[in-house]
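A, B, C and D are the chain letters, set down in written order, and residue numbers restart from 1 in every chain.
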Amino acid sequence: MAHHIIIGGGPAGVAAAETIRATAGPEAQITLISNEPAYSRMVLPYYLANDIPERHVLTGDAAYFEQHGITSVSGQVEKIDTQARTVTLGDGSSHAFDTLLIATGSSAQRPPIAGIDQEGVYTFWTLEDAKQVMAKAQGTPRAVLIGAGFIGFIVLNAMAKLDWNLSVVETEAQVLPRMLDATGAQAVEGWLTSQNVAVHTGAQVQSISREGEALSLSLSNGASLSADIVILATGIQPNLGFLDGSGIQVDGGIVVDDRMQTNIPGIYAAGDVAAGPDLLNGSVAVHAIQPTAVDHGRIAGANMAGKETHYPGSLLLNVLDVINLHCASFGQWRTDANESITTVWNPTRPIYRKYVWDGDRMVGALFVGPIDDVTMLNDVGMVKGLIQAQQALGNWADYVKENPTDVRRAYVATGTAQQLVGHTLLGAPATARAYRVDGKTPSAWQKGSHGPLIGSRPDALDTLPRTPTPGLDKGK
Amino acid sequence: MKQLRVITEKCTSCIQCELACAFVQTGTFQPSRSVIRVHIFDEQAVYAPYTCFQCDEAWCLTACPVNAIGIDPDTDAKVVMDDVCVGCAVCTVACPYGTMFYNPDSHKAFKCDLCGGDPACVKSCPTGALEYVDMDQPDWLASWADKVNRGFQHMQDEEGGNA
Amino acid sequence: MSATNTMHGWTGTVLRVNLTSGNITKEPLNAEWARDYVGGRGLGVKYLYEEMDPSVDPLSPENKMIFATGPLTGTNASCGSRYMVVTKGALTNAVTTSNSGGFWGPEMKFAGYDMIILEGKAAQPSYLWIYDDRVELRDATHLWGKTVWQTEEALRAEIGVPDSIIASIGPAGENLVRFACIMNDLHRAAGRSGVGAVMGSKNLKAIALRGTGGVSLADPQAYMEGQWAMKEKLRQSPVTAEGLPMYGTEVLVNVINEHGALPTRNHQQTVFDEAENISGETLTETRLVANKACFSCTIACGRVSTLPGEASSKYSVTTNPQNWKIAGEGPEYEAAWAMGSECGVGDLDALIKANWLCNDLGMDSISFGASVAAAMELFEKGVVGQNETEIPLEFGSAEALIAMAEKTAYRQGFGDALAEGSKRMTETLGRPEFFMGVRGQEFAAYEARAIQGMGLGYATSNRGACHLKAYTVAAEILGLPRQMDPRATEEKAEITKVFQDATSTVDATGLCQFLTFGVGLEEMLPQLSAATGVAYTLEELVHIGERIWNLERLWNERAGFTGKDDTLPKRILEEPIPSGPAKGEVNRLGEMLPEYYELRGWEKDGKISEAKKKELGLE
Amino acid sequence: MQVNIKLFANLRKKLPKGSMGKATLDLTDQATINDLIHQLDIPLDLAQMVLVNGEQTREFGQALTDGDQVSIFPPVAGGSE
């Protein structure tokens, strides 16, 4: 039987392993090589915030992998030989594969700041990082977050939940430069200030020095910050170093086709390392986000198992809870050309929406608004649907441009849900992952039986008569 | 498997379904915490409750980084397990139907779980606009879309004329 | 939030907005008053009574306005949608309690308030934006002049919250039309007595709401059993399960007309020969698009009607034709009567159009229609001519009706006279006998000469002539709870008192009066008690209704009203009905009123006795 | 004898389309209101309000006379602001 090797135990790797098993059946030989336990990075801040215990961070454990016939190998891949079709690990061991998936993810960047290697300065990327920060934090420390990007903000939210005293320093002129435009960022910055988070944008940290127990940060804008903990969140880079000389094509990420296959047949890539098809424009791009990693893994897994499956492409999307301010972004939101955007901006709430149009199709969107705004959440999902389906809105596009907070009508009238429903990535209904924290079954109603809550309803109530509605065409 | 069917013609927009849903989800009447939402399109005189279809692709489930969403073997409903969900909200942007919600009190995702096979919304609908029946795919979306669209077309035809 | 919430059913918090100073405060609900007056109409009147001098000019800053919900508003109790606007009526100078459904009242509860009390007058046009505990008084200069529908659209866009619920006034309220109303959800009205004019006098254009809180219950399980039981009874009632859902209130056009009790051409006749054209049957068969429910309503009497094709352009609308969509709500029976038979107009399309105009411009379609009818009689009798009115105000003229709707809201030409309501208009023109109403407020759609009890109800109604404070039509025509002879005066004092008191209680709960066609206080009681945790008894509920009724009366006494105001126009008391089934009848108020006073325990002149005040805890 | 009948609300479906609820019926002499209701196939409990020449009556055993005007309503209600 074919031997499938997967490098990397993150979401992409695990999804691929499971998909191979489900597709190829019990005979397939699967090996998962990873230098870390299988866990989800984006969950680490919630671990930091004490929302979840450590075991909830894991996406699989030894018992689970064993039960699913996945050989788990701990180690660092040093080299891939595409001719011999082997991978070599740091301990010198070599493993032969029939198909290979590279899902090695990315690492945190360390910016060149004087004094960055001191105690009390942490990246927040790995489970080990998280443990270090948690060990260091006592009470409600003063924390400085360097880098106001997506990852940084999840950490920020966790620190805010813990009531830490927070400052944020961002080199670019705005926070969340890769998730929001200037107006959206303005909303977030105002909100942060109202939540007692000090925001320094357009400022670099020039040096970090020790002053007794505390750290002192000197900023390019002249400010000086005192901190107990400094968190570095200045971006990530794909883990590609071991591919040098392998002949695998790299362009920002590992370039893959719509089956997630690299330029070398039988070798696939997925997740943060992969530059895969973009849903909207046919190009390839790295979308280093959780849902894309899982999609990549599933598509790669199916193809590795011999079931030819094509990926329509990933949609760049992000979502954040910034201390109860909800932010979401989709697709190509970057343009500011008046003719192709529709915006709603209410600085006091704050509420911000931006839709980007290509003709009568929506190709990008931004949302900022209070987290308790249930209608916005509704619209966020529907806008995702409109973009994903590349729905031609016809006259409804004009309607949405005139009534930007009324997406629902257009969504319904254009039959977008109808168009999306029934379509699946792998040509079959998705299955629930078998790995369950604490062995929980995803069964039924967790909030207790709702029978008593809703009371005993008389059976006959089903049949209240109602006027048969003649419908609008009656008058025609 | 059984699914919710909405008969838009029968809906009067009374939102009894939302109230029942919020009540079983939270114990109080707060429609903003309901995961069934009645879309009221007054200009087209079309009203319809709308909630998760328990779709085959289960975008929420595959996107969840902690595997907090599973499939209830009894109902096929995709259910969120509160104690596993971390509230990252990724499912809310992954779902293309607008039917994944976020509870601002608990900071958890929440969605229709079909009440374990006895949906409170169906129970509370006074006009029979909601049914819980065997269905492969939701079969009412097209007629709903058609109604809203026709109403809109009609509106546009009338525009400009002195009504 | 300042008040701690230990209450169930009630939110426990009152929002107070002083429009003069811009001061916004939250205070705990007076729990003792809440117990004794329940909510809505009762509690609103109690606060108004305690806080305000009843003799002030209703359009002065000294008048207060209270938006009050009941403990069942916002629950899933069938029809738990109501809020009440309590203030001194611009039309009547009496206490008024104008009730509306839709989604606004529940949203106010969800935002966390049982009541909103407005005081003073804003320096410039303003609106209130309430998102849970965040309350802002904002400039509305840019909204002033907009119609109700435009205001809702513009405001919703401006605040960026699509599901916000808005109550607003239209041009009629801004221009202090005496019967301007407050509209919410485009087509729902706190309709009568000029509450919209009071809001306009305060420079308040709108109150926009978004609430994400909930209504909690003291005993959820008992409550749920109670609400199921009431729904089951409603399902069994042919009125609430079939009559109202199928035909709406409009079905009454034929019913009342067949009884010879449909006031026609300013009460000159009581049978309308074109009744069929404007009936609920015709509306349903030719113009109905859907029926629509208010929040939590299992009846859904609301009519969504349409004006297709030619019907749409039959009568021109000069103001804001861009507002017109393919479908809108109404007309309800009262509107169809006031603008229809009372004006002699038998064209349903004209009525739909005039009704939408009233909604968009924000005025009470009953008082508007009845005022036009009075003007038509003035025109017919030559008191006014085309020089004054520009348009011939002939009975039956749909064109005149529609033109006057626009002119009245903007107080243009003769519309300025109409905007004062028919009492002031007929007095100014020297013919007060053409005013058909009580305490300055025009009658509703039931001829008091043909239905005797309604005459007593109109004459004693605290907010001026009104069908909603004692709907004896239910007994006298519809046979609910038992059939009474409409032409007889016996037992009418008793049924009027019983209905007045029971209705006061229903109005205090937050529930809709239409429930009473299928259920009574005994069905509401378990829900009310389980929601609030107050162990009310049926006797107490009746007693509460009586207390509310008497407090309103006491308020009116202080505002200067006496037993002399408990009367009906000369036409109703002295001119026999000329034709039809009720031919020859007059209203025999004199036979009923003394008995009524006695049953009420009042003095012979209608003054509330000290003993009664003491019994009800009013002094 | 002949009586003129008017049916209202959903009782109208008892008569042919387009009749607007109105008809003139041939009845045997001495026919009562009950006979009429029976002939029209109206369930008794739906004949909530019966008016003979504008007067409500519950005396369904009452004999009708030639030329009477009979109106029959099912249970209905109304009255809103």
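Throughout what follows, a contact is a pair of C-beta atoms (placed from the backbone, for glycine too) under 8 Å apart; a residue touches a chain by one contact, two chains touch by 3 or more.
This structure is a prediction, so every number in the text was calculated from the model and none was measured.
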### Task
Please identify each chain that touches chain A as well as chain C.
B
### Summary
Per-chain C-alpha mean nearest global C-alpha mean belongs to chain B
### Task
Look at the interfaces B-C and A-B and say which one is made up of more C-beta pairs in contact.
A-B
### Query
Can you give the whole-Å distance between the Cα centres of chain B and chain C?
35
## Note on the structure
Cα centroid separation, chain A vs chain B, in Å, comes to 24
### Summary
Taking each chain's mean CA coordinate, chain C and chain D are separated, in whole Å, by 34
### CA centroid of chain A to CA centroid of chain D, Å
71
### Touching two or more other chains - residues of chain C
212, 220, 231, 235, 242, 246, 289-291, 298, 300, 306-307, 326-327
### Task
At least two other chains touched by the same residue of chain A: list those residues.
372, 374, 379, 453-454, 457, 461, 463-464, 466, 469, 471-472
### Task
Indicate which of the five shapes (line, ring, star, complete, other) describes how the chains touch one another.
other
### Query
Considering the complex alone, what residue numbers of chain A touch chain C?
344, 346, 348-349, 351, 353, 369, 372-375, 379, 403-406, 452-458, 460-461, 463-467, 469-472, 474-476
### Message
List the residues on chain C that touch chain A in their complex, please.
### Response
131-132, 136, 156-163, 212, 220-221, 224-225, 227-229, 231-232, 235, 241-242, 245-246, 284, 286-291, 298, 300, 306-309, 311, 326-327
## Note on the structure
Note: in the complex, chain C contacts chain B through residues 74-76, 78, 110, 186, 211-217, 220, 231, 235, 289-298, 300, 302, 304, 306-307, 312-313, 316-317, 321-322, 324-327
### Query
In their shared complex, at which residues does chain A touch chain B?
11, 15, 40, 42-43, 46, 51-52, 56-57, 59, 154, 290-291, 294-295, 298, 317-321, 324, 326, 328, 330, 370-372, 374, 377-382, 384-385, 388-389, 395-396, 399, 408-409, 411-418, 420-425, 428-433, 435-437, 440-447, 449-451, 453-454, 457, 461-464, 466, 468-469, 471-473
### Query
In their shared complex, at which residues does chain B touch chain C?
12-16, 19-20, 22-23, 26-33, 42-47, 104, 124, 126-127, 151, 154-155, 158-159, 161-163
